[in-house]
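Encoded as structure tokens, here's the structure I'll be asking about.
Chain IDs A, B, C, D and E follow the sequence of writing; residue 1 opens each chain.
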Amino acid sequence: MIKMEYYLVVSTILMFVGIYGFVTRRNLLAMLISVELILNSVDINFVVFNRFLFPGQLEGFFFTLFAIGISAAETAVAIAIIINIYRNIRNIDAKSLREMKW
Amino acid sequence: MFDFSIITSWVHGMLTSVMPLGLAVFIECVMVGVCLLLMYAVIAVVMIFMERKVCAAFQCRLGPVRVGFWGLLQVPADVLKMLTKEIITIRRSDKFLYNLAPYIVILASVLAFACLPVSKGLEVLDFNVGVFFLMAASSIGVVGILLAGWSSNNKYSLIGAMRSGAQMISYELSIGLSILTIIVLTDTMQFSEIVARQADGWFLFKGHIPALVAFVIYLIAGNAEVNRGPFDLPEAESELTAGYHTEYSGMHFGLFYVAEFVNLFIVAGVAATIFLGGWMPLHVAGWEGFNAVMDCIPGFVWFFGKAFFVVWLLMWIKWTFPRLRIDQILTLEWKYLVPIGLANLLLMVIVVVFKLHF
Amino acid sequence: MNILSLFPAVPLVMMLGLWLSKSTRQIHAVMVAGSSLLVALAVVLVVQYLGLRGAGETAPMLFTASHVWYAPLNIHYAVGVDGISVAMLLLSAVIVFTGTFASWQMTTDIKAYFLWFCLLSVGVFGFFVSVDLFTMFMFYEVALIPMYLLIGVWGSGRKEYAAMKLTLMLMGGSALLLIGILGIYFGAGATTMNIQEIAALHNIPLSLQRIWFPLVFVGFGVLGALFPFHTWSPDGHASAPTAVSMLHAGVLMKLGGYGCFRIAMYLLPDAAQELSWIFIVLTTVSVVYGAFAACVQTDLKYINAYSSVSHCGLVLFAVLMMNTAAGTGAVLQMLSHGLMTALFFALIGMIYGRTHTRDIRQLGGLMKVMPFLAVGYVIAGLANLGLPGLSGFVAEMTIFNGAFMHPDTFHRVVTVIACTSIVITAVYILRVVGKILYGTCDNPEHLKLSDATWDERLSVICLVAAIAGMGLAPLWVSDMIRGSVSEIIAHILS
Amino acid sequence: MDYTSIFTLMRAEVTLTAILVLVFLYDLVAGERGRRRFSAVVCGLLVVQVAASLLPGGEGELFGGMFQYHPMHGIVKGVLAVGALVVCLQADTWLRREDTRHKQGEFYILILSTLLGMYFMIGAGNFLLFFIGLELASVPTACLVAFDKYKRYSAEAGAKYILCALFSSGLMLYGISFLYGTTGTLYFGDMAALLDGSPLQVMALVFFFSGLGFKISLVPFHLWTADSYQGAPTAVTSYLSVVSKGAAAFVLLTVLVKVFAPMVREWQTLLWIVTVLSITVANLFAIRQRDLKRFMAFSSISQAGYIMLAVIGGSALGMTSLVFYVLVYMAANLAVFGVLSVVEQHTGGKVGLEDYNGFGKTNPRLALGMTLALFSLAGIPPFAGFFSKFFVFAAAFEGGFHGLVFIALVNTVISLYYYLLIVKAMYITPNDTPVAAFRADRCTRISLAICMAGVLLLGVVSAVYDGINLFSFGL
Amino acid sequence: MYFTLLVVVILTAIALVAVALGIARAISPRSYNPQKGEAYECGIPTRGRSWMQFKVGYYLFAILFLMFDVETVFLFSWAVVVQELGVYGLVSILFFLLVLILGLAYAWRKGALEWK
């Protein structure tokens, strides 16, 4: 049987890969993907906690469900905006967004 | 009704009596895999042959007749031919994705295929979220198609893939909505349970008008979902050569081809399972004798009978209607099927909540 | 309505009137009417106050009224006056009145100018009538911010720099003050914001007092030009328009001394006794340093500004001596300094308005050109250096008398040091008077200049009269003050 | 399920949803003429919303504690609705422009849906609803930020906003997941009883806090603020700076009080650091700004720091002060942004500090309004900002954070400096080509009048504060 | 159990492709010709990059799909319990569906469903 810790290791790695990617990547899409990694790690966490620690209830599962749904909506908006940037400046590097400093 | 789990448990018992549990399970797994593989291949072959014959019949032709008796060996001959064709990889394509695409397409179709309950106790994957899983698994296919079109470095492929993507994801909604309509009625998502609930009548009949509407929507959407005429513009040969698999040759192409036909069968199989009672025999209340006779026919015969009936229906549609334009396709889906589907769903909920169904 | 509430209310009504008025005439009318009303009110208040005291009223605060404002923090709109506040109100009213006339010649955007001027007076009057910590602090800040615009827009010279410096330093001071006030409120058990009640409770632990006393004292001390924090004052005074300088040096700086006495020392008495030596040293420095600095200035306003530093330092010095005589002297000094400094600035403004320079090296022989202004200047100068018969003498004598009454060496030494400022004051006052009023008029342009107009005469005469009145008949003022001062001193020493 | 209790306890949400649907339908069916009356329709409906939110009602909870109602929530919801109303009024000029006219409906719908999200966030009694509300509040905001489709900055700002919002909600969810893992519940009430301050929970608290910190734009989570504020359409900037910030701050307080009560020491330490950083860093950066929208961004960061002063004590006094502060801040900031926005519209996009040189001469009324609002922001009496600042200081002081109050006070001086820079530009600095005199349109004038009334009266009239105080609660 | 079977099925699928392609590669002839590497676009030499910009319409539909697909996820979990919930379930989902239908109406009215 796979222990809970293994799942948590995976989710933690995902989380920090995501954070690392978000901080270091300069391509907006790559940043978006990094963020998705973070959200996925959270989903894993919820499911795993629910499955292993509190098997009698469904809160974690439902949270995951909603988190997935919401992150989908967020991604849609984010991509729409990124496409709009591309249409405006033909580039989606965060470097070229230096017009306005971070 | 014959329960297949008797056989499986007998095999299990026999194996465990002569070897350790781990090994036994391993062997069983291999057996399952092999059976699945065989079944998949056989279904594909049958479907291709059927397509040719049915098509010929609708067009007042004979279809394949020369290879083997009544053309029965035509498909094996084609397979052989395809195996001996060179697999060409074109320059400047994205090699990795190009080679990955068929895996994904086949994976999606095998996963979905494995969900179908062929007979009582004869199903590979029987999750409690089966329907959901099936939809999820089958929608992976669109990724494969997009990859294929994208990685080919060919404009026709790309356009075909995009069209196919737009079409498949759009019609997935209608499929979802029509299946949902039935889920509301059954309150379970497990295929075996769904079939079991239809012992006293198929959902097509139990569910009143909404079920009927859902069935029609399902057929239309299912047809579009597998990119078959009149919804076959992703591979509209007069415009796009062969759509997303233009650049695939030999067995590479063959795999797409197989997947497409098996997908057709899966659509039909799902229709048979959730609308037409799966492997449940046709029962008519009160006709004890008739029911007894029906019970004698084994479950998998019922299943395949119903599935192939639906397949035949879909082929009928394909070879009867002309191809639609993309705007017509999307209009049909978004302006007709989705609103109707939503309304139908609501109607079904009302039927269920106020116990108006049979 | 309580008579005290009328003091901040009248300027508010004046603001409304100004807002509605259309022409310069109307604006002037509103201002004259309003400021005269204020003076009248102040006089009435003095008479009533003296009457009540004469009738044996012994409560520390008279005319008190209290309305709940913010109940959760026990904030009340509470007013009340004792002798000190009455004196201050009178002073403020006089200065506002004369300031109005000193601004008579103002031409640019006078509506806005007088609007801010009135807001400033709202703050000043409000501060002196409040007995609630919060209200007091609020009025204190109300008085600060119009300064910025008044100096920045209508000032002269390096006005932007000066305005910003002044505002920021004073706000810095008020920041210290605010935390001190919170400290007092919560230290006293967070049950009341009323100064009298907090004083009566007398329950702030010494450890807390040690923290809050320096903060509050410095907070008010900034406004009172306490030594290291005085730098805003010369720049601010020099750049401000005449009436603003008058009001600022004449009244606003008194807020500092008043606050130090009324809040810092009254409410935190134990720490005040313990830590007073630090501030005594600072104020002594202030007194002497201000006087010396005035000696080397060449700009008339700077001279007067440093002189103000010196004299206001004397106020704080006297306050810290903590005995009735010195305390009375402090209040007298506030009054006296307020009047004469206002006179000074008014006159400097008038001279500047004619000659367009304040550099004493370019001025000379003005006595012949504009005798009225010159005489006024001499009177102000004499009052400043403490000539008997004028207000300065009364105040400074009382202070040094009181300060010297301390038996210990430290107090006596610093008193002696502070006393030297009298001499230095004489030096710089006489130098200026000699340079600009007497001697020869080098600049032919200056010979054509005219003497004071009627409005200028009016304001100068009022102030001179007040200075002389205080100098000649100091007793009624000091009697009025003494009772209240001794009350506070007694509380501090108890 | 008792439907009447849904309509009484969730009346703010129910009315807002109804309004949302109405506006939506209006947008779908209205023709060109109907569009012209759009702002009037929306504002009228929002007035109804304010009234509905402020209707008094008893405490209660719904859906097994998922949704909570407390009279304080009603007040906050009303306050936010007022903010949205004013923003809608101010956006009118901009929305009537050629390139945005056809998108009016979207603007209002997005504003209203963010408002709905905030309502749910405020009313949440469970982290799931909280999260949904938060996202409902922040995702449409990203669309709003990127609303000027053909302006490059707007899109950039939108991208930065949404990426940061996603990132922060990711962090926050990570925190929540550990809270769930250690306590096994998502309900606020149950969780509070189960928290024990283990290291894992402290970590979760930090993650959770950083998530909300992004929304409130506290240093060090403020990186998106300046850019988003600058790039977004001005009306949206004002919305961001006021309404969404206010809601998030209130929620932070309630969550800290309700859920993290057992870990009060930890979060107070955290808040202490963050508050000091926010106020100081933002103030220092604000001084350097020459673009007024960026300027207001940093100003809003430091204001957020001041709001945190009300949070840190976790007391009832703090809650009253917070809500009052938000209300006052709303009036003042919206006035500033109202002037900014109307000037921007009338001058073809001028928002630089030097563009305002001599503004006081040409447009004295607008300049006066802006000055008073800036004074209020700086905390100068007798404007409302002074009172609100005093109250948050008092709240923090009551909690024993003397040093913090001291630092904050020192910072008010710095902030006064840069607010005065604008005043200086308007009144003192001469300019050969000042902004020409113009007359603002009716909607802007109404909105500015509302804001001015707030700035002048909120502090002096203590009834508002007392009213809020009646319902506040603390640790 | 389920998991094992799932792995088995996935492996089967992979094996299917691998075996088919393996056999094909093993027995099919191979010849080299530069023409074979060209993209087949009906014999006309291909011009420009094939990875080109796309009509935004596809994206629009993708977004719409996303909305409805996510909605389906929630509907599924609701659908299995609607019989137990009865009228309450109906009323609750009515609101959800209302939002969805409004979304569709919006897309329709704003012309997002037109393939232009």
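Assume contacts are C-beta pairs under 8 Å (C-beta built on N, C-alpha and C of every residue); 3 or more make two chains touch, one makes a residue touch a chain.
All figures in this text were calculated on a predicted structure; none of them were measured in a lab.
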Between subunit B and subunit C, the fewest touch steps amount to 3
Treating subunit E as absent, figure out whether the rest stays one piece or breaks into groups, and list them.
A, C, D | B
Give the label of the chain whose average Cα location is farthest from that of subunit A.
C
Taking the mean of all protein C-alpha atoms as the centre, the chain whose own C-alpha mean lies closest is D
If you tally the C-beta contacts for A-E and for B-E, which one comes out higher?
B-E
Measuring between Cα centroids, what's the chain most distant from subunit E?
C
So what's the Cα centroid distance for subunit B and subunit E, whole Å?
15
List the centre-to-centre spacing of subunit C and subunit D in whole Å, with centres computed as mean CA coordinates.
42
From the C-alpha centre of subunit A to that of subunit D, how far is it in Å?
26
Please report how many Å separate the Cα centroid of subunit A from that of subunit C, as a whole number.
64
In subunit D, the residues touching two or more other chains are none
Hey, which chains are touching each other here?
A-D, A-E, B-E, C-D, D-E
Which residues, counting only subunit E, touch subunit D once they are in their complex?
88, 98, 102, 105-106, 109
Once bound in the complex, which stretches of subunit A touch subunit E?
65, 68-69, 72-73, 75-76, 79-80, 83
Tell me, which parts of subunit C touch subunit D in their complex?
69-73, 75, 112, 134, 138-139, 141-142, 144-145, 148-149, 152-153, 159-160, 163-164, 167-168, 171-172, 175-176, 178-179, 182-183, 185-186, 190, 211
Given the complex, residues on subunit E that touch subunit A span 56, 59, 63, 66-67, 69-70, 73-74, 77
Any idea which subunit D residues touch subunit A in the complex?
127-128, 131-132, 135, 139, 142-143, 146, 149-150, 152-153, 155-160, 162-163, 165-167, 169-171, 173-174, 176-178, 180-181, 184-186, 223-224, 226-227, 230-231
